[in-house]
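Report on the following structure.
Read from first to last, the chains carry the letters A, B, C and D; within each, the first residue is number 1.
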Amino acid sequence: MALTGTRKRLNEIIFGTDSPAGKNFDVFLIWAILLSVALVLFASVESLWVRFGETFYVLEWFFTGLFTVEYLLRIYCARDRREYVTSFYGIVDLLAILPSYLALIFTGATYLMVIRLLRVLRIFRVLKLVRYLRDANLLVRSLWQARRRILVFYTSVLVICIIFGSVMFIVEGPRHGFTSIPKSIYWTIVTITTVGFGDITPHTPLGQAIASMTMLIGYSIIAVPTGIVTAELAHELGREKQLARCHNCGKSGHDADAEYCKQCGYRLEDFEEPADDDP
Amino acid sequence: MALTGTRKRLNEIIFGTDSPAGKNFDVFLIWAILLSVALVLFASVESLWVRFGETFYVLEWFFTGLFTVEYLLRIYCARDRREYVTSFYGIVDLLAILPSYLALIFTGATYLMVIRLLRVLRIFRVLKLVRYLRDANLLVRSLWQARRRILVFYTSVLVICIIFGSVMFIVEGPRHGFTSIPKSIYWTIVTITTVGFGDITPHTPLGQAIASMTMLIGYSIIAVPTGIVTAELAHELGREKQLARCHNCGKSGHDADAEYCKQCGYRLEDFEEPADDDP
Amino acid sequence: MALTGTRKRLNEIIFGTDSPAGKNFDVFLIWAILLSVALVLFASVESLWVRFGETFYVLEWFFTGLFTVEYLLRIYCARDRREYVTSFYGIVDLLAILPSYLALIFTGATYLMVIRLLRVLRIFRVLKLVRYLRDANLLVRSLWQARRRILVFYTSVLVICIIFGSVMFIVEGPRHGFTSIPKSIYWTIVTITTVGFGDITPHTPLGQAIASMTMLIGYSIIAVPTGIVTAELAHELGREKQLARCHNCGKSGHDADAEYCKQCGYRLEDFEEPADDDP
Amino acid sequence: MALTGTRKRLNEIIFGTDSPAGKNFDVFLIWAILLSVALVLFASVESLWVRFGETFYVLEWFFTGLFTVEYLLRIYCARDRREYVTSFYGIVDLLAILPSYLALIFTGATYLMVIRLLRVLRIFRVLKLVRYLRDANLLVRSLWQARRRILVFYTSVLVICIIFGSVMFIVEGPRHGFTSIPKSIYWTIVTITTVGFGDITPHTPLGQAIASMTMLIGYSIIAVPTGIVTAELAHELGREKQLARCHNCGKSGHDADAEYCKQCGYRLEDFEEPADDDP
């Protein structure tokens, strides 16, 4: 459906990024989002809340009102309303204002407003940071290519954690802080990921020996996701270069380590990505 | 020996995965295993045990009875009984029911029932998750190829830990928690793997200097297994592609970074692995 | 402007590194810098300050005087005074003496004198450690090539930390040490980087479950910068070899894994880097 | 000098590994070493010392006597006595017995006897574990090739630690456990290596912000040694294959990813390393 009149104009400003008005609107919005998130962060500090509580409260409702109006306008001027409401950004836009209203009923919901941060993802589109987006795409694609390997890896880690957690529960027992198997599994995850809070620690020699084994296993296991991601990333980096087209003559199919176009000698560093539309 | 009558039918249901009955049996079994493991986990939480102890007890014996009947049926209808009983799954099946009976004699044995989790490995076979299995194989093969390097690495780490542990015992001594050399070695492992519980920490300036050295060594050493695994994984990934056969024309011997069959142009992403029977 | 007389002679000694006098001056300066930094470190230990406070005070002003004279001489004999004062080293040279004078007004400023350490970067130039510089360049260039990917990565990590931090604040609350969202974010960073101080730890089962998720995410995420750096480093290492010129016959364009010159058979290990002037 | 009579026979037994007697002697020696090290470890546990102290004392002098006799025999029957005494193993053999005698004068020296562990390195030679040695060589060579890059890396890390340590000392101060700059540097190393003991933690918001920065820097920096080692290891792995000779026909110069000899089709997996004598 082609939009006309006010709706068309609003659509250009709110959804578009090409016209000066559309760009200004987006930059303004991003600042509003960042400020409202900062507001939530600072409002959670008790000493600040005691002093500026009222100001925080007023500002909070100012931003909620602003984003509510924006959300309604977006629905009003969207090319396809149903599509917008059910899209990723549509849901995020709704989630960004819901907590404020929910907080009138449930306390605590206010803090969910940091979800607003996700809206900042729009920044990438707005500022035409194609380069940054491409690099993000490369990372996401590498992780996506490796998804099955990562799933197998996490399943193995979980099974190891459950078994070691149970063994530690039997060996150390509630006397030394391993009060239940789920808590022992929590401890095993803390240990195998080399975080090591130290809130629960083994006290018996046998428990310390098993803990040492867990850590050394974790040491080796930490290498696996790195290996997976590196292998995929190296592969993707190579592929990206091969698919690249020279800016000067349009020649593609260069070697993965080529620095200059093999047809015209033009520097390839700033090549364009052929397809930017994949997730 | 060819099976006949009831034994043959039972064999198809219990060991087979192709017939609808065999598939349903396996899916039912996996849910029973996951539920019984969850039961063990929750039964270890004291507050839950106080409230639902009796229910847990009844359910526990229900699952034990179920798995005992299943184990006996498996022996009954196995093609080769001796082979099944001594196979990996045969032993795991036995270990999955033993703890319940042992718990009648020794307390604590109940918790060993998480070994049942290993039975879930069957899921891979059942759901024909060939893809996932192949990725698991790739990881296992990479680790297996690197086994000698990993062994050399662990031996070096252990020698370093014993020497540093002894030095820390002399420097810090029992006054600061380093009560014996084995405990100092435990501390060194905690430190060199960058876990850092903080239950034992150096207090003398010299001890802190040596601890700093240990950490910086650990920092560099953590890179070695990663390097080993990455190098092997990259190699295996390349080899897998080269051995792959095109789904369309059967052509193999493609380049490690090939995306399409070089003979017929068919996409290679979903290629079959030629040999699935290696560990 | 060509320098003459004393200024020219001073310039050769102070800025030059080729004449014996220039070399000796630089070596003397480096020792003075290292000693003055060590002085600051030891002066901060209270037990040492109590005993040697007066000596430290005298030595401190001796070094400050020395570096002040050196700074004034450098300005006096610089080829282009404005250029020197505004250059990186010029600013560092000023920052190295300022804290001592500021300490007369503000206490605490003395400790900023460790900035003197940055002056030691000169050591690379002085001792003609071209090899080491080249390796440093390689590392810096790899990181620089990967700058956009690293930025995307850090942005994602920060967004994850803010969201998880807020969730933990809601789940655990001030009772368990998560007194504000900024503090919860601090805890999330401590956890996701696998540092795990243990000064704040989750106490509720839900909090521990979310913490486990955070750690497992961190586990996977820690692989990303490694993958990025490794891929770039491998690429840079290969390029360096290809650009290398043989010492014997000057032939360049060797394979990335070549050990000997393909034209004259001369060992390539100690090849010269063609361009040393890039950052 | 050619040995004759008893000296020759003893030399074959003690230094040789080819004759059955020589092999048995070495295996016996390795068990003696491992037992004597275990003895030192267990003797440091107070509860065991209280009960078995006298037995430990007698055994300790038994092993010391044994190794003293062995050391004297080695000197007696060495082909070149001066060479043996000043060689790596000669010094280790002396260091292995010295602590026991020193302990008669200084207490504490007994614990240095874990140095005996280094003697176990002989195991590699004895059991002809050529394969394992080759893998160890590969790791050592990779680290050696990367030595300059690792040195540059450690220098940078140290400079970062000194600067951040000083800043944290100023920000947090002695009130929060940062009692001196050296201690702050210790804390920075604990944090940047992601060990995170938690014995000293920042308490001011500014300190926690700087700590977060330190951790995120450490996160990125941890990738650098991994990248260095991986790149070198991949390079060494490739070179090893290229230098390998086929067992069947002796052909060398195969591709880095070759699985079979390109001349005779013989499997290359178990190829011999051409030069085993490099460090």
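General remarks:
Just so it is clear, contacts are C-beta pairs under 8 Å (C-beta built on N, C-alpha and C of every residue); 3 or more make two chains touch, one makes a residue touch a chain.
Just so it is clear, the model here is predicted, and its values are computed rather than measured.
Chain C maps onto chain D through a rotation of 90 degrees [Cα fit, steps of 5, range 0 to 180]. Averaging Cα atoms per chain gives one point for each, and the point farthest from that of chain B is the centre of C. For the self-contact between chain B and chain D, the two sides draw on mostly distinct residue numbers; the shared fraction is below half. Centroids built from CA atoms put chain C at 30 Å from chain A.
Touching of two or more other chains is recorded for residues 182, 185, 194-198, 222, 226, 228, 230, 234 of chain D.
Those residues of chain C whose C-beta lies close enough to touch chain D in the complex are 37, 40-42, 44-46, 108, 111-112, 114-115, 117-118, 120, 131-132, 135-136, 138-139, 142, 150, 154, 157, 182-183, 185-186, 189-190, 193-199, 222, 225-226, 228-230, 232-234, 237, 257, 259.
Interface residues of chain A, counted against chain D in their complex, comprise 194-198, 226, 230. By the touch criterion given at the top, residues 148-149, 151-153, 156, 159, 162-163, 166, 169-170, 174, 179-182, 185, 191, 194-198, 201, 205, 208-209, 211-212, 215-216, 218-220, 222-224, 226-228, 230-231, 234-235, 238-239, 242, 256 of chain D touch chain C in their complex.
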